[in-house]
Amino acid sequence: MKWRAAILAAGVCGWLVSAAGQQPQQNFDNVKIQVTPVQKNIYMLFGAGGNVTVQGGKDGVLLIDTEFEPLVPKLMAEIKKLSDGPIQYIINTHVHGDHVGGNDAFYKLIPKNPQLPLNIIAHANVLNRLTAPGPNGAPGTSTAEHPGFPEDEYDTPYKDFYYNGEPIFIYHEPNAHTDGDSVILFRGSDVVTTGDIFTPDSYPFIDIARGGSVKGEIDALDHILELTVPADHQEGGTYVIPGHGRVCDEADVVEFRDMVVIVKDRVQDLIKKGKTLDQVKASKPTEDYDTEYGANGADRFVEAVYKSLSGK
Amino acid sequence: MKIFKQIGIAGLLVLTSVPGYSEIDFTGSWTPLFHEDYPERFPGPELGDYMGIPVNAAGRLRGDSYDADRISMVSQYECRPHGSDYNMRGSANLRISRDLDPVTQAPVAFHTFIGFQSAQRTIWLDGRPHPPEYADHSWAGFSTGVWDGNMLNITTTHLKEYYIRRNGVPRSDQAVVTEHWTRHGNYLTVIVVINDPVFLTEPLVRSENWIYDPGQEILPSNCEPAPEVPNPPGVITPHHLPGTNPFLHEVADWYGIPYDAVRGGAETMRPEYRKVMGKPEHVPEKCERYCDCGKDAGACNLH
Amino acid sequence: MQSTIKRAIWVAVAAVGALSAQQAPPAELHVLPVQGNIYMLVGAGGNITLQIGKQGVLMVDTGLAANAAAVYAEVKKLTNLPIRYIINTHVHPDHVGGNEGLAKLIPPNRAQPLSIIANENVLNRMIKPRPDGTTQQFGLPTDEYYLPFKALNYNGEAVIIYHELNAHTDGDSVILFRGSDVVSTGDIFTPDAYPFIDVAQGGSVEGELKALTHILELTVPAKTEEGGTLVIPGHGRLCEETDVAEFRDMMAIVRDRIQDGIKKKKTLAQIKADKPTLDYDTEYYRQGAFVTPDMFVEAVYKSLTGGK
Amino acid sequence: MRRILFAILIVGAVPALTFAQGGRGGGRGGPPPQGKAGAPVDLSGYWVSPIFEDYRWRMFTPLKGDAASVPINDAARKIVDAWDPAKDEAAGEQCKAYGAAGIMRVPGRLHITWQDDNTLKIETDAGTQTRLFHFTGQAPKEGEPSWQGYSAAKWEVTALPGGPAGVGLGMLPRQGTKSRTLDVVTTQLRPGYLRKNGVPYGANTTLTEYYDHWSEPSGQEWFTVTTVVTDPEYLAIPFVTTTDFKKEPDGSKFNPRPCTAR
């Protein structure tokens, strides 16, 4: 069940490469929202696209990522089952359409309350990219027509605040999956939400066009490992909600980090040997991981690592 | 007959009920009156104005060193409410509510709410003890009240360090504040006595008046401190090095007051000080700052 | 005057029945529930932090040697579960003194052997011979660490131990209880006393300030700069972020004043004569306190001038 | 049957009446004793007013035109701008700032004594003024307006603010609160100054004062007077201040001196 969801997620994610930021034409009518209790205040919701993190408590509701516009009513319905408190925070882990696609729809659905304003938070680069001028000088989309854009952006190494009885830290991970990635730590619930920096069932999509880099990706994964503290025998303790795929813990992040490091080293070695991108691809540096992370994403991953390392 | 009936009902009630509580009921919404120190309380105090404070050398130097940039640069200061002792002379409106014991209907506590930074406070009326000395402190502190006739005598401990005046004269976390609340018709009079062994040489007494003003909507404030950027190497806390604060003489010159009086201290606050206080260095022709604060019950403007 | 005010305060507090707290003799131990799994044990020397949960007991610091038995008895009043961890924030005897006694009192537990955690510099200093020539046998750190931080999960929450470089000493640890949302600072933070910057044992004023700033990064207040993360200092009352901010600012301001004096080529004696702590002495120096204003000024001066 | 019921009711009524009166008055039955006999607190003795608030305006003769904090109107503003101490001196009106509505704010000391069982006397050293608080309960006789006017005083009998003091279903007869407040209403005032720099009050001013006695934890006695100046002529709303007086052991510092206009 979850496994199928993960594949779908990976598929959507892959499909998005060409069209990040746009609404997909895909039909969501039959998509069901799965709700997974994670730990304490935290739930993971998944329909299609990225995972949604929900923190509910005495103050209200905090959301991380919003999937796609057509799914928002269904997500809302599930959230209401979890908590009837007001939705006061939406955090976007990064700019891709399967994570910010539902922002506007949520903004419209959430009742306005001047005393409990809705804060939509993301790193400044997310807002910059969302509002940037289009290709060949087309005017950028304005926050006026998109009230759901993250206008409570931050541009410091981290932002912290206190909500639902626990501290919440939002860390900026420079140039990892994109240049606007946030990793969120719920310190009381002991849960980390990683966005697409970590996707246990698919190769990381290092979006070089949007400022991603393999070095930043690895640094970010190491930082996530600093935040996670396993209980006995390297399992449990801090739980990790990835950008796509199942609920994980530290050990899963370690596996993933090691894969990225090993592939990076292999590609680096081939570059040193003066191999071209095609030659590198042909030598299948990910062969031993393809069955786990999906061969369909391998070339894209290798290409991204190659470009990121070679600067070409 | 009719009269008898009424009296009779009363009589039965007296016989069948517990004696009524004979306290003043402070509950409701109140608006502060700024008929004293309006310029200090609303626009804010002049820098280096320690007049009327029995401040000691330590408190005076804290004021001299104070740089208001601290509030903008040190995020821990951004969303502070006033200490409960200062709040009663602050510039926001006040709502007082009361808790009753659900069974006996006896008053258990007064709660005060002040819009500025949503300052909330509880004054316990049920005789509970104060927490131990090593317990946490708060902006409101821990307050207990005891009635003396129509006056509520309040004792507050466990306060966080705050200001006595918003120009940096501090009140320490060791202070014990006693208050005396009384109500005359629609006027609430609050007498605040600050005992601070750290910064004062004798108790500071200030009394404020509030007017009953029901039906107000007193809103909370939503302040989120800016993220604490990890400080650059060599932590920055804005302040003036001793002897370098350029603003300390302003208030004396603006209002034609001897500098020594501006520096405050218990001895400057006795009537006989007028005989020895000396001459101001500079006396303006006429009033130039805040001369009409409160004219026609209006606001406080600089000119 | 002072005394009359003190009396006034005493009367005021007594009047509302906090008598016992006010009169408590120092040797007497008090337990203050903090939040989550955390308790604060006061009176044994430095403050002791207790984390008590379904697995057992973790304690931060052990007080003075003389109080070890009393501390152990106090812990036993709170739970029958074994003491599994002792973390020492630094090497001073009012924080590690109880290690030896407790190590002897705590029954051997093969399933959950006692683990004593501290930065390696604490161990390095504790194994040195004592003045009387003997060396400590029991209660030495068994689980010293040398990395920037060490993390464990105990009693259902993450516990992070951060090494603060050259702050109060060269072996300071600050402990964050992530689930309970409590920080234990050791003597880096003492709300009602000047910090004892132990320059001889690797302390420094810049390290103090960095450590205090790090504590401010770990603490997150609830609304209106209050509540949220609670802070247990090395000595003194339970605190919060803003209390640490006040202390940090005092440190920074005094540092700047002394730095200014040094720039002006003043000698230590001259700087002391300037009374750079005048406006803080009434708050941070009580009669009989360990660190006098002069000691504090001297430590800052030496730290800034490289021990000259 | 009915008769018997009434009988019970009346029996029940007796405590109700006396209880209510007792609470509302202080004495059992009849009006509460006033004057010296009824004093719930002792205000007699020497008192000093340390200047904690309004320091700039009280300790000094404020700069000409400074009416900050006083809710004056345009008519008052004209007078404030025209203030000329020389004129006041020439007119022999140096005491304009020492009238009942201003005197308690002038830094100085008070000597409070009972002139007789029904008259409380306040003497000030600043300006050597004398205020007489009459507890006779009679309306003031028509007299010449004076700096200190005529003051009718009473010990507050009940501190229940507003509301019906009656008896109703579901409520006890209001017992009131044993009040410790001295209420004083002063009229027949000669026009004077609220502040030394000529902030005026007029002939139709009514001065209402509430004297509240309290003590520090150390036992040091104080009283605070809440002063409400109502003047349709020069004030937009009543001018309300509180002034705090600290008990002194003796009169050694009581230093009578004449009014000054500057």
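Chains here go by letter, A, B, C and D, matching the order in which they are written, and residues are numbered from 1 within each.
Just so it is clear, a residue touches a chain if its C-beta (ideal position, glycine included) is under 8 Å from a C-beta of that chain, and two chains touch if they have at least 3 such contacts.
The structure displayed is predicted, hence computed values, not measured ones.
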| item | value |
| --- | --- |
| Nearest-to-centre chain - CA centroid comparison | B |
| From chain C, the most remote chain by mean C-alpha position | D |
| Comparison of A-B and A-C (more C-beta pairs in contact) | A-C |
| Rounded Å distance between chain A and chain D, as computed from the means of their C-alpha atoms | 71 |
| Separation of chain A from chain C, taking each centre as the mean of its C-alpha atoms, in whole Å | 40 |
| Whole-Å gap between the CA centroids of chain A and chain B | 48 |
| Geometric centre distance via CA averages, chain C-chain B, whole Å | 33 |
| Numbers and ranges of chain D residues touching at least 2 other chains | 216-217 |
| Chain B residues counted as touching two or more neighbouring chains | 155, 176, 178, 195, 203, 228, 230 |
| Residues within chain C bordering two or more other chains | 8-9, 12, 15, 221, 223 |
| Chain B residues touching chain D - in the complex, by the definition given at the top | 4-15, 17, 19-20, 22-25, 33-39, 51-53, 148-151, 153, 155, 176, 178, 180, 182-187, 189, 191, 193, 195, 203-209, 211, 255-257, 261, 266, 269-274, 277, 283-288, 290-297, 300 |
| Partner chain B, residues of chain D touching it in the complex | 6, 8-17, 19-20, 23, 40, 48-56, 59-60, 62-74, 77, 107-109, 126, 156, 159-162, 167, 169, 171-181, 183, 210, 212, 214, 216-217, 222, 224, 226, 228, 236-237, 239-244, 246, 253, 255 |
| Residue ranges of chain C in contact with chain A within the complex | 149, 151-153, 156-160, 178-179, 181, 220-223, 228-229 |
| Chain B-facing residues of chain C, complex | 1-2, 5-6, 8-9, 12-13, 15-18, 20-22, 24, 30, 32, 40, 42, 191-192, 206, 209-210, 212-213, 216-217, 221, 223-227, 230, 236-246, 248-249, 251-253, 256-257, 260, 274, 276, 278-283 |
| Partner chain A, residues of chain B touching it in the complex | 219-220, 222, 224, 227-230 |
